[in-house]
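Letters A, B, C and D mark the chains in the order given here, with residues in each chain numbered from 1 onward.
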Amino acid sequence: MSHTTREKSKLLSRVRRIRGQVEALERALEAERGCAEILQQIAAARGAINGLMLEVMEDHIETHLAGAQTTSAAERREGADELIEVMRTYLR
Amino acid sequence: MSHTTREKSKLLSRVRRIRGQVEALERALEAERGCAEILQQIAAARGAINGLMLEVMEDHIETHLAGAQTTSAAERREGADELIEVMRTYLR
Amino acid sequence: MSHTTREKSKLLSRVRRIRGQVEALERALEAERGCAEILQQIAAARGAINGLMLEVMEDHIETHLAGAQTTSAAERREGADELIEVMRTYLR
Amino acid sequence: MSHTTREKSKLLSRVRRIRGQVEALERALEAERGCAEILQQIAAARGAINGLMLEVMEDHIETHLAGAQTTSAAERREGADELIEVMRTYLR
C-alpha cells in the first residue's frame, strides 16, 4: 500500500485546510480586501503547501527508502528517482 | 484603489486555477493514486502559489512604491513595511 | 551614496563570515569529513546567504523606494526595476 | 567510503567556485560598486550554493538509500534521518 493511501486521512485533513485557505483568499479578492491582508493570506497558503510537501516527502523516504520492510533494490531505485525528480523541481 | 482590486480579475483567475489544483489533489488522495503522482501535484500547486505571490508583490511595488502617482512619503512608508514583512516570512 | 556603501562595514562583516563558512566547508571536504556534517555546513552557508540577501533587499527598499528623501520618481522607477529583477531570480 | 569523499574533486571544484563568488562580492563591497550589481552577485552565489546542496543530497540518496550495495537497514535508517534533518532545515 502506498504511503499516501496509508496516511490518507492525515493528508486529506491538510489538503482540505489548504483548500479552505485558498477559498478564503478567493473571497478576500472578491470582497476587495486590502492588499496587505491578501499578501499575508497568500504567504500562509504557501507555508501550508510547503509543510504538506515536506510531510509527503518524509513519508516517501520512510516507506520506499528507509523502511525495514523495503528489501528490494528495485523499489528503492524507483523511490529514489521519484524523490530526486521532485527535489529538483522543488529546490530549483 | 488597491492594486488587488484593480487587478482583481487577473488574480481571481490565478486563485481559481490554484483552487482547481488543490481540489484535484484532494480527489487524487481520495482515489488512492500513486505517491509519485501526488508529489508532482503538490509541487505544481506550490509553483502556482509562488507565481501568484510574486505577481502580487510586483503589483504592490509598482503601486505603492514606484508609481508616478505615489507622491506621499507616508504611503511609501506603509507600502514598504508591508512588503518587508511578507519578504521576511517568504524568504526565511 | 549607495546603501551598500553606507552599510559597507555591516555587509562586509556578513560576507566575511560567509567566506569563513565556505572555507571551512572546503577544508571539511579536503579532510574527508562525514557527509552529514558536510550537508549541515552547506545548509548553514545557504542560510547565511539568504540572510544577507534579505538584508540588502531591505536596505534597497528603504533607500530607493521608501526613504523620505527619495523624491524623484525616476529613482524609484530604477530602484523598483532592480528589486523586481532580483526577486524574480530569487523567488523562482 | 563516504560519497563526499568519493565525489571530493567534483565537490571541491564547486565549493572553490562559490568561494570565488563570495570573494568577488567582498571586493565589490570594498570597491563600493552599485547596489544592483551587488544584489545580482549575492543572488548568483545563492544559486550556486543551492546547486551544491541539491548535488550532495542526491549523492546522499544514491549512496545511503538507493544504492544496490546498500543492504543494511541500519545504514538506510541513518541515511534517511540525516536527509530528513537537512530537508527540514532547507525547506522551512
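The working rule: a residue touches a chain if its C-beta (ideal position, glycine included) is under 8 Å from a C-beta of that chain, and two chains touch if they have at least 3 such contacts.
Remember, predicted model here, so these are calculated numbers, not experimental data.
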Which of A-B and A-D has more C-beta contact pairs: A-B
Between subunit C and subunit A, distance of the C-alpha-averaged centres to the nearest whole Å: 29
Centroid distance [mean C-alpha coordinates] between subunit B and subunit A, Å: 17
Averaged-CA centre spacing for the pair subunit D and subunit A, given as whole angstrom: 23
Touching two or more other chains - residues of subunit C: 50, 53, 57, 90, 92
Pairwise touch network: line, ring, star, complete, or other: ring
Complex contact set, residues of subunit C against subunit B: 50, 53-54, 57-58, 61-62, 65-66, 68, 70, 73, 76-77, 79-80, 83-84, 87-88, 90-92
Parts of subunit A lying in touch with subunit B, wherever the complex brings them together: 2-5, 8, 11-12, 15-16, 18-19, 22-23, 25-26, 29-30, 32-36, 38-40, 42-43, 45-47, 49-50, 52-53, 56-57, 59-60, 63-64, 82, 85-86, 89-90
